[in-house]
Every structure is written in C-alpha cells, then in structure tokens.
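Each of the next two complexes has chain A plus one more chain, namely chain B in the first and chain C in the second.
Moving on, here comes the complex of A and B:
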C-alpha cells in the first residue's frame, strides 16, 4: 500500500493498453500517454509491461510507502527524492516501509511514471484499472489521486539496481520542438493539396486548452478540397463537417479550423473530419510535450507506423534492461 | 448517395474506416450494424472491436494478427454476404423523455461560450430555426419534438446516442460550433448535421443546443433497474420521443430521479419493420412541416 501525502497536479492510476473493447459504447481506452516510458517502468520492477502504475502530470505527488518494495521512475524528470535523497530515473530502486517519495514540477518532459513491484491493485472497471477522469470511472474511485488516499498494491518481488540502457529510452526533447509522425487518412482527401503541404510544413503550437481527451493545436488556416464544400446538407455546413463517424485514437480531428489530436481519453465518434492520424508509436511524444511547444508533422506510411509499434513493443521488454 | 463499393480508409497503424455512402439514411445504418454483427458472428481474426455509425464503420485491428490489405479483403467478403435491408425487423424499444426546450441551462452554456469564446454566436435555437426556414424557436420545438428518433449508434462519450429523425418532415440540419464549446450541461439535447444527441454527462461539445432532459442515460453505479443490463441506457435500434415540458415539470422529474422514485417511460414490446417504415415514408408529403 502507499499513502498519498500530496497528490501532485493530476496523478492517476493507469494500465496498458487500457480499457479496450468498449469503443462502440463510447468508452475510450485511457491508459498512459507515454506507454514507452510506462511499460519500461513496469519491466524494471519485474511487472508485466501493462500492469497498473501511476501517471504523474506536470507536478508529481508525495507518497509514503507502507512496506518494503521496489519502485522505478521513468519519463519526465520531476526531481524525485526519497527521504530527501535524489532518486535516479530509469532505474529500479529499493524503498523501505515508512519512506517518503517527494516529487516536484517536471523539468525535462511532462509525464513521469511510477511503477511499484506487484502493480497497483485498485478494482478493475470494465476490465481495466485505468482512470477515466471525465466520466469518473476506473483508478481510485474514478478520480486522480487525492491527499489521504491509500492506494492498494499487489504483492511483488522486484529487484533494485536494474537500469534501462540509454539506447532504449525515449529521446525526450528539451528544445521545445517535436517531430511527430502522422499517417494520411482517413479523410486526407477532404484537404486540398496546398492544405496538405501546409499541414506538413507548418509549426503547430500545442494549446494550453489541452488535456487527456484532446490536444488542441494553433497554426495556419486550413484549405479544403471541393468534396468538403459540395456535399449533402446532413454533413453540416462547415467544410470540416462530416456525417458523424468513428474516430481513430490519435486522429487529428479538424473542429472547424482547430485541429485537435484525440488522445487516450478522447471521443469515439463525432462529426468532424480526421485528415491525419498520429500512430500509436508516436503517442509518447504527445505525452512528453508541454503547451506552448511546437509540433512538426512528418508523414509516414501505415506499414512504417506498424513497424514502429513493433519495434517499440520489442524495446519495452527485458532486453532493454542492464 | 450509397456507394456501389464501400470505401476503405486507414487511420494510423491500428484503425480502418469503412464508408458505405455519403448521406444519412437507415439503409446505411442497417449495413453498418449488420457488418458489426457479422464480424462478431464470424470471429474475424485480428479485429479488436468495431464502432458502427450512421453511414460508416470504424474497425480497430491488431496489425500483428491481420494486415490492412487482408482486413480489407475480409470485410469485402462479409459485406457481400449481407442481405437486403427490407427483410430486417428489429426489436426496438421506445423511450419517452420529458424535455425542457429553450431551457435556462443550455442558455447559460451558450451565454458562457459567447462571453468567453465567440461573441458573434447567435442563440442556437434561433440560428437553427433560421437556417431551416422555420418561423422561430417555437416552431423549431414543434418540429424537433414531432418525430421519433432512431438510435443509430452510441459514441463520442459513453452511452451518448446518435439519433436520426424517423419522420422526414422533421429532418433539420445544423452546422457544429466552431470552435467547440468547452462544456455542455448533463442531459442537454442538441443537434449537428442531421443528427440529434443527448449529452450523458457534462462534456465539451459541438452540437447546437436548445433543450435538456432530467433523466440519466448512463449510470456507472446502476442506481436504477433501467441499467441492469448495461451502464448505458440505449442500444442501437432503440427509438426516442422528446415530450416538451415546463421547467417546473423538469425540476419535478429531476427530484424523482434524485430520490430514486423515477420510472423510465419505455415501451418494450414493439418491433421495427424496415419494409413497413419505408412504405409509410413513401406516402408522406415531405414538404410539409409541423
């Protein structure tokens, strides 16, 4: 068990790949935004890569451990200290009963992951422990951690002193610019050629009006192909309106002129086009970026995106541990 | 237009969108629902889940088990086995909801949007009425509440129904907000394109909003027997009728919901026959509004 002394800005229980199989009722998967860092944290402490752990956003929590265990921190650097002594990232660390882990604001990156040997053992909801904040389900009674929460942890036998090799860690950028892979589609043919070139060459700034449902981007205006304006009225009258349809996770959803990347807690359906989709293996970059930072999109093929996901899965394994 | 051949489009490394046509009609929704059922019945390898909607279906697949091209071939084969929709009869429950049209709560959400995001925004009811050649908000209420709605799919938010007006004389269309609202009251009834939806909880949204129901349509705690089977009230193929009530009546029902005495007003014994529906529609004068 661990006790929440300070909750941090928004610290939540998540597992990977999250709540799968309920998209047709409108339930998003939730789960960690940077699943690369998340899975490696679990591997470090001897858990399955998808076991439940904590996602800390922007400002980490202060936690007290009620028994001896092994933990690992990955992802963003939140200057974690255990009883005042710095805790290294990307390494499994022994913790004694009564010790306090104190974390601060994110320095490099945005989201830090905490895995605990055995994994967090809150009650699963529809097959997953992931927190879906907006609907109040999963995790600790459907919410982010609050001061005073006692978070249950399953029994586990982790080993301290294990490290993720440098080449297996996500290269978190600190220059406020991110190159993000996208695949064309499903609705890239609604954008004219100039609009497509503009999307792929422009600087897109991540808006502060972003959260785990969607990442809003500020950038140039979009221009459209004729099919966006010559269409039956039930599509709606804006060029980016389409008859409501299912949204892929990662879709770059064009709400009027505002592109919104639909992330882990995003909507499953709606009436806007999705000209591009961020593939699963590029999600970690979204998770580690901050509002105000710049995205540049780089188009890759579906098979390249699938190869990236395979490579990442292989990386999130024992082979990356030294 | 219903396409001769469905269109297949990729969405990143794990999704495929199949579009059956370019309009909203029940035929296309039956096709989407039919394909979703066929995928389940045939245990298609590598399909993680599907999300059928008005005229399309999204497939979430596992690329380590099936390639995009193989999935496309498999879907083409299944679609070819689906029969004509005229034969379809579906169990279809009919829900009646007390509905406060032109209510103070959606007005407050619009006022907040106007103050903070877009000062040019016209009141939704007046805007939608004008766009559809209606005399004003009062006629919009009459037309919008004058039909049963068909639950074509659930999505966007857990339990949120996307619905189509079954009476073609009541079909109205509306653009969506640009940019979207950051919040919408729980139970809000709104529309975008030609679809009507009910917001299960307070969420952001893009539909034009002009009414609210006091009755929950999803409940993760399952406090009412209406949620015994699922935490979502609706299933595809259900129908909904909005019954205009005053704010005082709305608040009375809200109290009944809060103290657990509210009984859902639902007709459970009816079947929906596609052939009978089509023959009824064929006899209507579609130019007449209520």
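Moving on, here comes the complex of A and C:
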C-alpha cells in the first residue's frame, strides 16, 4: 500500500492496454499515454508489462510507502527523490517501509511512470484498472489521486538493481520538435492535394488546451476537396462536418479548422472528419511532448504502423533489461 | 536577497496577477498557468514586495522552473 501525501497535477492509476472492447459503447481504452515507458517500468520490477501503475503528468506526486517494496520510474525526468536522495530513472530501486518518494516538475519529457512490485490492486471496472475520470470509472474510485488516498498494491517481491538498456529507452526529444507518424485516412479524401501536402509539411504547435481527451494543434488553414464543400445538407454546414460516424483512436479530428488528436480518453464518435490517424506506436511521443512544442507529421503505411507496434512490444520485455 | 517564484510546470501563462511594486502576502496568487485545460495557481511563498515580473500574460510554451516573479 502507498499513501498519497501530495497528488501532483493529475496522477492516475493506469494499466495497459486499458479498457479494451467497449469503444462501441463510448468507453475509450484510457491507459498510459506513453505505453513504451510504462511497460518497461513494470518489466523492471518483475511485473507483467501491462500491470497497473501510476501515470504522473507535468508535476509528480509525493508518496509514502507503507511496506518494503521495489519501484521503478521511467519516462519524464521529475527529479524524484527518496527520502531526499535522487532516484535514477530506468532502474528498479528497493524502497523501505516509511520512505517518502517526492517528485517535482517534469523537465525532459512530460509524463513519468511509476511501477510498484506486485502492481496496483484497485478494483477493475470492465476488465481494467485504468482511470477514465470523465466518466468517474477505474483507478481510485474513478478519479485521479488525491491527498490522503491509500492506494492498494498487490503482493510482489520485485527485483532491485535492474536497468533498461540505453538502446531500449524511448528517445525523448528535448529540442521541442517531434516527428510524428500518421496513417492517411479515414477521411483524407475530403482534403485537397494542396491541403494534404500542407498538413505533412507544416509546423503544428501543441496547444496548452490539450489533455488525455484530445491534443489540440495550432497551424495553417485547411483546404478541402469538392467532396467536403459540395455535399448533401445532412452532413452539416462546415467543410469538416460529416454525418456522425465512429472515430478511430488517434484520429486527427478536424473541428472546423482546428485539428485535435483524439488520444487515450477520447470520444468514440461525432460529426467531424478525421483526415489522418496517429498510430498507437507513436502515442508515446504525444505523451512526452509539452504545450508550445512543434509536431511535424510523416505519413507511413498501416503495415509500417503495425510493424512499429510489434517492435515496441518486443522492446518492452526482459530482453531490454541488464 | 530576492525570493524567486518559478513555474511548477510546463505550459502557458494564463494570468499574471501582480506587477512590480505590489505588496504581497504569503499565499497570495501571483500568476496562473494553464496546462491540460487546468489552471495551476502559483502562490507567494513569502510576504514582500514584487520587484520583477519576467513573463507576460499569454506567453506560450514555458518550461518548468522558468523564473516568473521576484519578491523582496
């Protein structure tokens, strides 16, 4: 068990791959935005890669451990200290009962993951412990961590002193620029050729109005194919309006002229087009970027996106540990 | 010795509530950042007078630990 002394900005229980199978009823998968770092944290402490852990965003929490255990921190650097002593990232560390883990603001990267031997043992809901706080389900009674919460942790022995190989860690950018893979579609044919080229060559700036529901981007105006401007009235008045349809996870959803990437806690349907889709294997970059940073999109095929996801899964295993 | 108040998170500067010369008391809100559609208020850690404000309202893309307000 661990006790929350300070909750951080919005620290939540997540597991991987999250709440799968309920998208058609409006429930998103939730889960860690950077599942690469998340899974490696679990592997470090000897858990299954998908076991429940904590996602810390922007400002980390302060936690007190109530029994001896092993933890691992991965992802963003939040200058974590255990009883005042710096805790290395990408390593499993032994913790004694009564010790306090204090984390600060994120420096390199944005989201830090904490795995605890045995995994967090809150009650699952629809098969997952992931927090979806907009519906008030999963995690700690459906919410992010709050001061005073006692977070249950399953029994587990864990292994301290293990490290993730440098080559197996996600290359978190510190130069404020990110190359993000996208697959075309489902509605790329609603954008004219000029608009498609513009999307793939422009700088897109991440807005601070971005959270686990959507990542809002600022950039140039979009231009449309005749399909978008000359259509039956039931589609709606804007070129980006379409008869309500299902949204893919990772959709770059065009709300008027504003693209919003629909991420882990995103909506499952609506009436805007989705010209491009960010594949799941590129989500970790979204999760580690900050407002004001620049995205450049690079188009890949669906089979390339699937190969990226398979390669990431292979990386998130014992083979990456030394 | 001036007390420095720095950003606790990356994000945008939503509101700056003080200007040089203002008297502040411990716990007064100095500025509010916006990140993940949330307001993150930053409070004065000491009583004193604001001697400098280094970030303007509306500034985007701030990092954590950027210097914003000095109090003496």
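By definition in this document, the second predicted complex is superposed on the first by the 322 of 322 C-alpha atoms of A that agree within 3 Å, B and C clash if a C-alpha of one lies under 4 Å from a C-alpha of the other, contacts with A are read in each partner's own complex, and residues count from 1 in each chain.
In this text, contacts are C-beta pairs under 8 Å (C-beta built on N, C-alpha and C of every residue); 3 or more make two chains touch, one makes a residue touch a chain.
Please read all numbers here as calculations on a predicted model, not as lab measurements.
With both complexes brought onto chain A, simultaneous placement of chain B and chain C is permitted, the two fitting side by side without a clash. In the superposition on chain A, contact is made by A:235 with chain B only, not with chain C.
Judged by the touch definition given at the top, the superposed model places A:209 against both chain B and chain C. After superposition on the shared chain, chain A has more residues touched by B, the comparison being chain B against chain C. In the superposed model, A:96 lies in contact with neither chain B nor chain C. Applying the stated contact rule after C-alpha superposition, one finds that A:201 touches neither chain B nor chain C. Of the two partner chains placed by the overlay, only chain B lies in contact with A:305; chain C stays clear of it. Looking at the shared chain after the overlay, A:166 reaches neither chain B nor chain C.
In the superposition on chain A, contact is made by A:23 with chain B only, not with chain C. Judged by the touch definition given at the top, the superposed model places A:317 against neither chain B nor chain C.
By the touch criterion defined above, A:141 reaches neither chain B nor chain C. With chain A used as the common frame, the shortest Cα distance separating chain B from chain C works out to 9 Å. Note: residues 209 of chain A belong to the chain B contact set and to the chain C contact set alike, using the contact criterion stated above.
Touching chain B in their complex are the following residues of chain A: 20-27, 125, 134-137, 142, 183-187, 209, 213, 231-238, 241-251, 255-258, 267-272, 274, 277-281, 302-303, 305-306, 308-310. Touching chain A in their complex are the following residues of chain C: 7-12, 34-38, 40, 60-65.
Residues 1, 9-15, 17, 19, 22-24, 36, 48-58, 60, 63-64, 68, 131, 153-160, 162, 171, 173-180, 182, 192-195, 201, 203-204, 206, 220, 230, 232 of chain B are the ones that touch chain A when the two sit in their complex.
Interface of chain A with chain C (complex): residues 9-10, 57-59, 104-107, 110, 176, 205, 208-212, 290-293.
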